[in-house]
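Two complexes follow with subunit A in common, the first pairing it with subunit B and the second with subunit C.
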Partner chain A sequence: MYFDPAENFIYPPYAIYNWMIVAGFFTAVVLVVSLLTLLVSKGSSGFGVFFTELIGMLKDVFSLSPRRIWALTRLTFMEAYRRKALAVFVVFGLLFMFAGWFMGDSKEIQPDQVKVYISFVLTAVSWLTLPVVLILACFGIPEDIRLRSIHTVVTKPARRIEIVLGRMIGVSMIGWLVLSVMSVVGYLWIVRQIPQASQELLKCRVPIYGLVSFKDREGNYGKEGINVGDIWAFRSYIEGATKSRAEWRFFNVDETMLDSEGNLRLENSFSAFRSYKGDMTRPLFYDIKLFNIEHPEISYTTQPQPVNEFRSKQDIIPRKVTVDDVQYDILNDLTTKGSDKVPKGILGIEVACIDRDQYIGMARSDLFIRMPDRPFWVGYWKAIFGTALTVLLVSMIGVAASTMVKAPIAAVLTAVMYILSGKNPHQFMDQLVAGQVQGGGVLESVYRLVMHLGPSTELPANPAFTVVQIFDSILMNFLWLCKQVIPRSQYFNMPEYVANGFDVPWATSLIPSLLVTSAFIIPCVMMGYFALRTRELESK
Partner chain B sequence: MSQSEPVIEIRNLSKIYRDFWGRPKVRALNSLSLDVRKGEVFGLLGPNGSGKTTTLKLLLGLLFPTEGEITILGKSAADVSKNERIGYLPEESYLYRFLNAYETLDFYGRLFNMTAAQRKERSEKLLDLVKLAPQARRRQLKEYSKGMTRRIGVAQALINDPDLVMLDEPTSGLDPLGSRDMKDLILDLKKQGKTVLMCSHLLADVQDVCDRIAILYGGELKVMDRVDTLLKSEDKTQINTSKLSAAAISEVEAVLKRHGASDVSVDHPTATLEDLFLKTVQESRDRPGHRNVADRTSAT
Partner chain C sequence: MNNMTSQQRKLVYLIGIIVLLIPIIWLSLPSDGKNKPGGVLSQLRSQYELGESDLGDVDASSAAMNLVLLGMRGVAVNLLWMDLDLQKDMKRWAEMQATTESIVRLQPHYEKVWDFNGWNLAYNTSAEWDAVPDRYYWVKQGAKFLKRGVERNKRSTELLYRTGKVIEHKIGYADESIDYRRYFLSDPDPAFNKGPDPTINPEGKDNFLVGKEWFDLACESELTRPQHILDRSLFRATPARCQFDYAQSLQKDGKFGEETRAAWEQARKDWTEVYGREIYHAQIGVEESDIRLEMTEEEIKQVAGNPDDELRVRRAVDAYQKMTNYRYWRTRAFAEAEQDTAEAHRSIFEAKQAYKAQEFDNARKAALSGMEGFDKLLKRPEYAILVEEDLLCEECLLGWKIWDDIYKVAGEKIPDEFPLKWLLELKQGNEQLMASVNKQFRRLFQDNR
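Up next, the complex of A and B:
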């Protein structure tokens, strides 16, 4: 599976928007559900109770005691420890003792094998930690209620909000401890599995992406190139030996983007498409032209280079290049100097296919400036940080759910939320909400199934069907609301970056994920508070 | 707060337990009104299901009243800050079984924002007070006997040196020695000026320690007054004296009959079984060793 880091970037404004959506909608849902529950259970006096509790919660927030929260955190920690939750290390140990047997000969390491090792470790660490966190989060408070231990806590000055926070922090800390130990072992395992000679395969690339546009065979600009018939329209193709080009513009190009020897490293992963067989042992060729977008005549074109099909390839461009006895400095001459119309530091790069009637395919992320690499461990720990945020998220949702329903139901609820956070469920929900899924909503689909009507068949316009559509639209709106409060795994896919040899960017990955995780704190704590304050803490 | 000022005020308190659909299932309490005054030991009595524990849980905010009002230490039952001055011993000692005695008291001490030094000092003092054997203090509570669990339960209830102590069946599951210790502890708390509210169905225990009692039946208050007032038989007279000779006893009987006394009975009083048991255990402690005990039942 091809991984495109640029596709996974989350830009800070979007993350802030998402923070507001999650915090706002989730909090609103919690408040509305709490109010409705109180109205149902207490009648009209539910209004009064609701506002009293709301004010009480605000008061409790200002009288939080770190010592009490820490006491409850320690309790959660000791409970997990004494109840042998850390036995998960045994499973982990067994997994790593024998994993090497099934993962190939470590004397000859291929780049793809490195990816498998890293993916294996990061996936194993995550899959072993999250179930432990899920169980601890969902069973802690319900067990306290069942065994009535909570009676000895709530009859002390411990606020409900402190109980919820203490549990959340405690469960998260256990998860983080488990995660840390496994991560250290996993890191050592990866490093040991890869022979010294192949250690350079453990890389942490820092790509700088530009914006791409295409020129057709007449040299006219367009957003896309030629589609050669791929179902996956990720890449566009340029035709060889014509004016067809792919043109990138890189911004803010400066010395920091050069490697230690002062060269500009360009990395590409172009794909080749042959319209005739020709000599199959001969690769297709391309050349790269670096140019000043304000003065296109100032340019430098590389020698023709072979396309590395299915592998990435680097082109090293020295800072000083000579064209017709004129020496250019890439940074000073080929990038823009800055004016009223054009900002400073823009570098134009044009890629051409040299072979007639052959095509080279590329997408925005197929050409990037490769900044000096970071050590592998930096990316590795950033990926672990992403998993740590998932641990926090699962513990928050799990603890909040466990204050309302029994432990197994809370566990299922949390697990379902985690599963739905995946890319595909979210895409499906997006399509459903946007009305892009054929066959209509829930009731309409059932009607079509029962009546053996195809998804494109027009339905009769009668009152019954109008009711069906109204009902479906209510459900769709509910689904839209759910979609807003279900976390998106896109925010926590840092392991993908590292497995594919990329660094995890702070600005477009780590900080947005931190922001979105923090958005769940307020509604989850609020949910826990309301549930524990408005229910009788008796085991039933 | 003066001696007669109520620490707990309950007015028209009712509690109806409902099923999932909100339909009334059981009326556990019906218009209960009572006061508990500062410095007294108040006993809630009643058979199983009479509403004693429900009352206690309503007072602590563990249950919500269907009707009525509760004021504890001048605050509402839902107010968490009241708990600063309350100690609670649940019916069963619902403690964290994976903690040991020190950890348990340390945990509850932290909930009262006590410093490490305060927690340590208080824990040692309380563990001595409840007479928990030193060798048991580092063991997890899951290894404790019922009596030991009860002792640590009492210790946790007193960790904050509370003004009001609520004890739910404090002597249940305790052997006579433990029971005696518990009663002594309650009397000691009273001496310290603390208010104790206990509920029990062990009448002898209540009689030994309570100043006032309330008897509940079917969720309703049936009787409430001072124990001595309630137990006093106005139509009988009791005379206690040191041992008399048989002649003196006959003379006393004659005098009493002359003054119109009927059903006269002059006899040697019998001790309670508890007194006998405690005396035997104390003697055994003082003089360890096996003794042959004659079975006197054959002689009778």
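Up next, the complex of A and C:
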């Protein structure tokens, strides 16, 4: 894998606590601004209007009718159907008819090619569904307002919050219908494209990861190993025939982590780097030492193993190992027994490179305990579930936006929010907000561009630039605020797990995705409702 | 607006459409391929060979993809190139290859795309892998990719050359060339049943001979479609140089029999009778004249026309010969055809093998024999030019290095006089050559101690 799943871990109570703070603050701002606006426009009678509206809104919220919502959902569904939203199946059909042409020869299939097939299906399914959902979500309500057909709904005893909810659910359902049909076809397509002999490549590995730290050539601990000059610094390297090591700690190691034969299966995907070529026919070697972190002298070291670069390699460690005629039980002797200082069940694993002046690279996720595999369809449908959550998220944001601005603007707003939700845009925004991007903020950058000044050139210290910097810092704070309401789609990156032959984990993918999606439900519904309630529907 | 009814307006539109369709149909009338040349566009397409089928094999998926994207091809291609770069940095090879495939579907006739990606696979991606069979797999992928590029771009001289270059240079001269050359004949992939990969080596030939075939095709194509890689005289030397490489590789493999002698003989013919007789243009006086690298006195006089221009012709031929190192290779080909030279090579080869096996006495004897053979050869006036170049000297000095090292290991005094002493003294100041000799010596033998 080219990313560490731990990056996506969310601690749910902390996330809920944060959400409550942001949502509470946001609600307070909306209420205060509304009250002030009413006071300015209507004088002291604004108080009355404010509280009447507030009570009306609360009444609407607490008297939701599932029947009416369902009726509006069906209406949205039928409307989407009449607008030929399902024509997307034609594109899908065409894509899958000819996709095999672009994917190479399936007779000569390599393990890596399976990755491409799975990625293609999961990406195509989501890229075909999301634009349909985005357009339906953003154009539905504005079109109804434009054509005045919304009056046929609002004059009935349907509440505006129900219109918003009905729209969101209806659009999501269309998206889910499209998604389910495409997913079934996609699944069959993958299974058909992979030859019978290579079907075992379709699997879902279940890894248990540990925490890693590195030791340098003197044996001192550090967070990272050596950088051998790779542009992508995901892996750190340890130097051969020195005290340099990568040390993992696995927690809660017990019998459930052993396979049916009682062995501990360790799987790695280490990388090799040679400082000199030497005998190229001889691979680089590593060994693995399992040890008790409380009593490091109790350890077992494997025989040197060849690095199998860019592929996975399994090391099967029997439960009972013998060292110098002494037999150790991995679970009883090499894991911690539990004390006031150290919890129970921690297993230490140390990896060393054997070859002098050569290097072996690894990241935290490059060594894990492999649990029994799950069928491919488990991971596949989890990934589809992730896309279904994205569909819901996009439809909620789209519908909420469409109640406030015109349809094209709502579509652009939703699309931009989705584009900015990726890992890289968030990283960039984080750097901008933290002041780590050279060249300063908006005004400073414009000045540098006009004056042909490089980003590292010092600007003169004078009052004008102080003003520029203050203005930029205000904008940066505003960016920070905006960033908080842009979802993080990195949690929804489930296809990557499946494509790399892993099951989609709950802790670092499904639960965070569910939390992110849930976090947008109440704000989007309430914003949509608020905007629709306060909006003059006669105005096109 | 006007007073026309809706029906009248529609009729006017229909008439307008029909009127506009007439010139469009006339302009784009297709050719039937035999008797009728078709419309103007079709005729121009044939005249300038711009049709998809004129450029190379038509790939239906590529054509469909380009049509579907309408004007967005450039944007799509840019995004794919960015993806490719990222995937390369992140070592996501399978995805990188899939992206490469998508790019060539969108840019099937952009030669640089094939050239760049073929090189990327054969040289950059292969180097990222540790195991030699894996490295070879990616070298092969690069060669196959370029071969497909040739099929899609039949008018490209440069892609023919690039394909030959990967097969000749990457397989023949990489650090892992011993294994690569073996794999070229017996692929490590079990799918090929210990035979060659038929896509790049259908007849199971040596890589240098297959490379030579590609260079031959490139030279043939170059006559009508110029290339922009090398000077023409150097470009046209590539098939013959490949034959030299083949002959040398046989010696490196320890083959000194009839096969090697025939390879050198073929190299001599290719060099002097084919390449040497190629026509080049040179400014002689005010006019441009045809000259050859191999010219008789009579031919020089004939081209010059007068005694003044004779000197100019000789100078022009000399300039070309220097640029292509023509005289060295001609002399080398003659020298290698001699039995004594073959014996000297054999002795040096045996010295290496014996040294590797730590049979120092045998190694010393063989090295000395080789040194004596080369000493005699290089002192002959007709082969004096061979001393000027480092290529053969490197092998001679490697033999000396083995011989010298055995004395050192044994703690014995080196004799005051020994064969090739003069060559050692001559080349001692040539740091590049001595570094290369030392490097070869270290890499080949020192690990075996």
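Convention: the second predicted complex is superposed on the first by the 481 of 540 C-alpha atoms of A that agree within 3 Å, B and C clash if a C-alpha of one lies under 4 Å from a C-alpha of the other, contacts with A are read in each partner's own complex, and residues count from 1 in each chain.
What we mean here is this: contacts are C-beta pairs under 8 Å (C-beta built on N, C-alpha and C of every residue); 3 or more make two chains touch, one makes a residue touch a chain.
A quick note: this is a predicted structure, and the numbers were derived from the prediction, not measured.
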Room on subunit A for both subunit B and subunit C (clash or fit): fit
Which of subunit B and subunit C A:Ser149 touches, first, second, both or neither: first
Following superposition on chain A: angle at subunit A, subunit B versus subunit C, Cα, nearest 10°: 120
Which of subunit B and subunit C A:Gln431 touches, first, second, both or neither: neither
Touching partner for A:Lys115 - first (subunit B), second (subunit C), both, neither: second
First, second, both or neither for A:Thr322, with subunit B first and subunit C second: neither
Minimum distance between Cα atoms of subunit B and subunit C in the superposition (Å): 20
Overlap of the subunit B and subunit C footprints on subunit A, listed as residue numbers: none
Residue ranges of subunit B touching subunit A (in the complex, touch as defined): 22, 57, 60-64, 80-81, 83-84, 86, 88, 90, 92, 94-96, 98-99, 103, 107-108, 110-113, 140, 156, 160
Subunit B contact footprint on subunit A (complex, rising order): 40-41, 60, 65, 67-68, 70-71, 74-75, 78-79, 82-83, 147-149, 151-159, 536-538
Complex contact set, residues of subunit C against subunit A: 60-61, 64-65, 89-95, 97-98, 101-102, 105, 129-132, 134, 175-176, 179, 191, 447
Residues of subunit A touching subunit C in the complex: 2, 98, 101-104, 108, 110, 112-113, 115-116, 119-120, 230-232, 234, 271-272, 274, 277-281, 283-284, 307, 309-310
